[in-house]
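Each of the two complexes below includes chain A, the first together with chain B, the second together with chain C.
Let's turn to the complex of A and B:
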């Protein structure tokens, strides 16, 4: 009788084989966007045991473009540190695992670093939901987790003592630091256009408060549903007396957004200010982006080599393999995520400094490492910190630094303003040093 | 030995094996197994609907997320402790499953798939739009101090494992019992030939609705357990890929078998875990495995075992 039982999918009227083939083809398409990864092996000249750093990287999923450049930056900084003698005379060995830009897989990867690969620390990831999904496990497994995420999650106090963000500033400080520049240079009446999910909400909340404190007015807050592909119907909501449009759209529809915005306003547009997150890894000379000429962008680190380029940026850019236009030196169409990826470079130098200060020998010294990093404060502009000087807050586990505002001129981003670090500071929301290990 | 006794012994053996494994395998694998057990509960719930009733849903992530957010939000915003929050998670999934089942069962076949998919997508967008409470796509952490039941800290590896095993064991035995009951056999009858079942006097609509409710509640129990044991609730778990996963696990393991969801979840998890060490194209490998399985074992691993070795396999 059992043999007579039909395959249940038959009863649904759906061909099981068809369903599986469809799924498999989809999986194949997703998979072929990936690349074959490999461990970054330490320099063979070292005789000491390597320091194993688990690198949680977005190789697949929506964060793959970021992951590709985080990968290259990490490879470059590890080579440089190892060439300089490693950490306490020990080479770094990177153990990279793809988190799929997924919080469940992210947590699994952290477990793998701690319990299977026996890594000394975990490091890397960008997307906030992956950090949120992984950080509890890092805390439970007592493995230091250095994130390069720019989310406010660390400084908000929602994570734990084992999670730190010393190599990149957070979105709250970035957004709040933009308010004085916009208020003084672009206009006092702002309309905000942002995606209707957490990233957009952070901008809405932090910027509107900071801007109103500068005496400005938010005329309208236009939230765009995340599934939206056409934006024309939202533009009539922009009040006529708007002086500045603040936009933070992200995702594949960004080009459509800019194109439709250009068609809506024509030659007479208000001032426009955006976050480069919208166009990370996108060529500024892409068709449809001409409308952005003369508009302003926040940049975590200027993509284009500036006229007064520092020796630090020059060395960093060369090491990572990025040309003066922010693209790969081997492929000018492969545009980097320059505003964010420096965080990998700087974070690993913080790890090196922390391990050396604490005399780190192995996992039994993890708490000493965290205490050493917590005791850090000023990080001067240097080869180790090519994006600029930083101020690290050991209580909130968060770094603060200069922010850059660039103007689009002839499809290039030209630095127009650099904020002070003081512009980016806000009151502490947590003191992790009071939490027990 | 009777079939029911064999079945009972098999289930007890599996549970004993899982208990022993905690002490035998490395810390990494026991941690993995804890997560697998929770996700296997999700797959078992899916199997009740797909494997036993013949209804293919593409929206089960909504039920998983209902349990997850029922627990998470009641801890985060209502200040409930873990035990009552867990109950809220179960009840949330139960209610959502009842409502969605009532509405979606007005359709069948492909339309049922589409309707469940649309409901799940609506649920996902609701979570994003209610970002003030849910923190949208970012999600939120359930702090270690909130993950304690009766003095047992569920963030500890051993407690987490045995809590996951307890949940899995209860659901595993429940389904083993359920499929032997008149109700369970009626579900199979509906799967095999709904018109004949109706002609014989069964209220197939009522049975299908109950199947959706049981299936959805089990999925929600898994979601609540995931949030409680791993400390995170986020909108990712309500996306379509989390509706596809249980379908894959059940197909691989063997639809319409009690042990298939566990086998499928273990296989898929380790297939991805191991292959991702060698290539980021690991989903291609998962796809190939599915194709090979379709060609050589179209009823999944447990289906193959049932066909070749143990025809009594429930």
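Let's turn to the complex of A and C:
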């Protein structure tokens, strides 16, 4: 199932013929709109009305740290798209509203986008509960709602035809895709340590099923109460014959967790695998994290520029203002949410492609836009998709893509393995295209 | 923080609930990783040191000569100024009118500018520069609000600079109660509303509030500012902690709190206003702790958003404030009872509970002020950067009026052990200093009130215990894991 491809640019799994076909479609769009990418400056070129994109952003509330980087990425991609001639010759105008990382406010914000700000689409939400709160309103108001959430809620069929997630993969595919690598490279006997609520339960359920299908065994499932801030008492529950610890701790006590795990095991430890969600935006050189040297992390997008960095990643980093260590170019301590924020970049390029393919002119063409996106499938690794190639499932409204597994070496994350897209696929759970608009 | 800390922290948090002593940062501006570093700091050692510092201050004051606290809080006259004629336009009127125009412009940009609260100048000005920055400056420097409030200049212009032109007298029995209610409403808005930063919503609220107060001034004169307009009352109180101040025509300077000693509160409503300041300020942040979230059935790692806890927040805020007032009242009652028992042979007059309740309340002010500073420090460090960017591009059009170039807001200082420790220690130092000042002020006020050192010291025992406990809680709250 897994291919041991290290270079993400080679890992698309997409044939050359398909790539050429996609490029040809792009060229056709350019020809029909009469715009030549790169030659138009935003302020001199556009006389047309802008495409108004409602940006539902976590400015305040628990998502604010992510929201800051989502905003920064969105600004960068909008500038790039506008510099390239916009969408159908029209510039993008971002109308940002803070959702407070709150589902009720999220729904209000979507309503404002549709009714007050006259936006063409809504875009950008990360936190699942805000997506859940907002998506029904988007469906009622018939405004396309492009989320960048990672949640499985879109593909699970719980939302509606107006809600799509084409720019970031979902947690179910991410977790399941880890099973082959772990069983083939790290060990067959796993102990899972996870927070005892929905987020941790998803990992527990998706991973244990996938891992057992690989012939592995879950020796122990250690659920940690969410309010816990010290973990020493849980570590004796780790069976002695554990070959791999799979951890997904989150929250303010995560550094304490790593420190105490290091103190518990000392120099002789099993293999350790975690999700970078635990340490997203945390400097890997932080005190206490030395213990993680030699351990593995899932990364949505490799935070550190790799030795064989692609031109796509390079251009994306430069545009967002992120250095080779994944930190802001203005402050090396300001580490970005690199594993997630690319989703904003890629989603807006999907929106652009969808609007151009559908000849989108205004809100009356919203259904055409959704149908155009639903008809998409392969998205090649490119400047538009710097994280890697994607395979979009129009029925489930969900993108699938490569997942990255990095090893901590000298306090940096070095890419060790790239999964194939096939590793991330699972059975469809819904067909949104059968739902009426 | 190790496993052994947990029972202690739960006990402390329970004590916090019982005493109504609650606090920390408001909306989650803070980066998620900051608390992760705080949890690795030796906060137990820091908390113990802070509490001991306050306890030691109490012992030193009890043993020191009676004149010591007054000596420390004695002001020096800088200069005197002849009374100015108020019948013409003054410089303070002009600066006030400029502030009015600035506010009008801010409200306009709030309604018409970016909808992003971190790009629109209005929320950044109100919540960051004014509510955090200006309040702190006022409490350190002096009564700048007299020059910069957005009402008095225009009001005096409208009333042709007459001293007492109002037609209706604000009933004396109302005291400061209207300001108490306005302050409570404001805190409910700040903590429980689901979008207090929304530029549109804030514009409307600020605009309507300005208008209501202005009409109130036209009806009741400047009594409206002194007893209804909660922020003028608040800023007037905090200015009494400043190093510079004015009493009649003398401009004076002294150690923080000298002005408060010279001007103790005299009414129940004014005393309650001070207590509400501390109670609500303390709850702001306690409501983010794991303890509080867990106690209202919320998973702190999965905060569902403000809309899910509106009722709990409002009830918690009011309960916390009520409990703080009750605990303060109990301390005063016990102190007065103990001190009055020390009257022998008709020497010395008994002090009434009501008198002491009012007189000593201003001693609580430094704690509230210190919490305000500590509580908002990280938010200010982040959002002041956004304010700078907004000043350079007020209409979110890509302008760069200040020539900042490519400007990225950073939270990197919350992502490094050394800077997080420095920030935490600054916050903790402020909290400890606030309590030390409170102890000093309470001691000096008690000497004035009870007349004898022995009675003053005895009267202070319950309040001293309260202040030591509050130091403990305040520092613990700074160190506690937060989830909202």
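In this section, the second predicted complex is superposed on the first by the 392 of 437 C-alpha atoms of A that agree within 3 Å, B and C clash if a C-alpha of one lies under 4 Å from a C-alpha of the other, contacts with A are read in each partner's own complex, and residues count from 1 in each chain.
The criterion applied here is as follows: a contact is a pair of C-beta atoms (placed from the backbone, for glycine too) under 8 Å apart; a residue touches a chain by one contact, two chains touch by 3 or more.
Just so it is clear, the structure is predicted and the values come from calculations on it, not from any experiment.
Of the two partner chains placed by the overlay, chain B and chain C both lie in contact with A:97. In the superposed pair of complexes, A:59 makes contact with chain B and with chain C alike.
Once the two complexes are overlaid on the shared chain, A:198 sits against chain B and chain C alike.
Shared-chain residue A:111: touches chain B; no touch with chain C. By the touch criterion defined above, A:226 reaches both chain B and chain C. Once the two complexes are overlaid on the shared chain, A:334 sits against chain C while remaining clear of chain B. Within the superposed three-chain model, A:237 lies out of touch with both chain B and chain C [touch as defined at top].
After overlaying the two complexes on the shared chain, residue contacts for A:135 are found with chain B alone; chain C is out of touch. In the superposed pair of complexes, A:151 makes contact with chain B only, with no contact to chain C. On chain A, the surface patch touched by chain B in one complex and by chain C in the other comprises residues 59-60, 97-98, 102-105, 108, 112, 129, 133, 197-199, 226-227. Put simply, chain A touches chain B in their complex at residues 2-3, 5-9, 11-14, 16-17, 19-21, 23-28, 30-32, 34-37, 59-60, 97-98, 102-105, 107-108, 111-112, 114-116, 128-129, 132-133, 135-137, 139-140, 151, 153, 158-160, 196-199, 201, 225-227. Residues 1-3, 5-6, 27-29, 31-33, 35-40, 114-119, 194-195, 197-198, 290, 294, 299-308, 406-413, 415-417, 419, 481-484 of chain C are the ones touching chain A in the complex.
Within the complex formed with chain C, the residues of chain A that make contact are 57, 59-62, 64-65, 68, 71-72, 95-98, 100-105, 108, 112, 117, 129-130, 133, 195, 197-199, 226-227, 229-230, 232-233, 250-256, 259, 281-283, 286-288, 321, 327-335. In the complex of the two chains, the chain B residues touching chain A come out as 26-28, 31-32, 35, 50-56, 108-110, 112-113, 125, 128-129, 131-132, 135-142, 144, 155-157, 188, 191-192, 194, 230-232, 234-237, 244, 247-248, 251, 255-256, 272-273, 276-288, 290-291, 294, 298-299, 306-307, 311-312.
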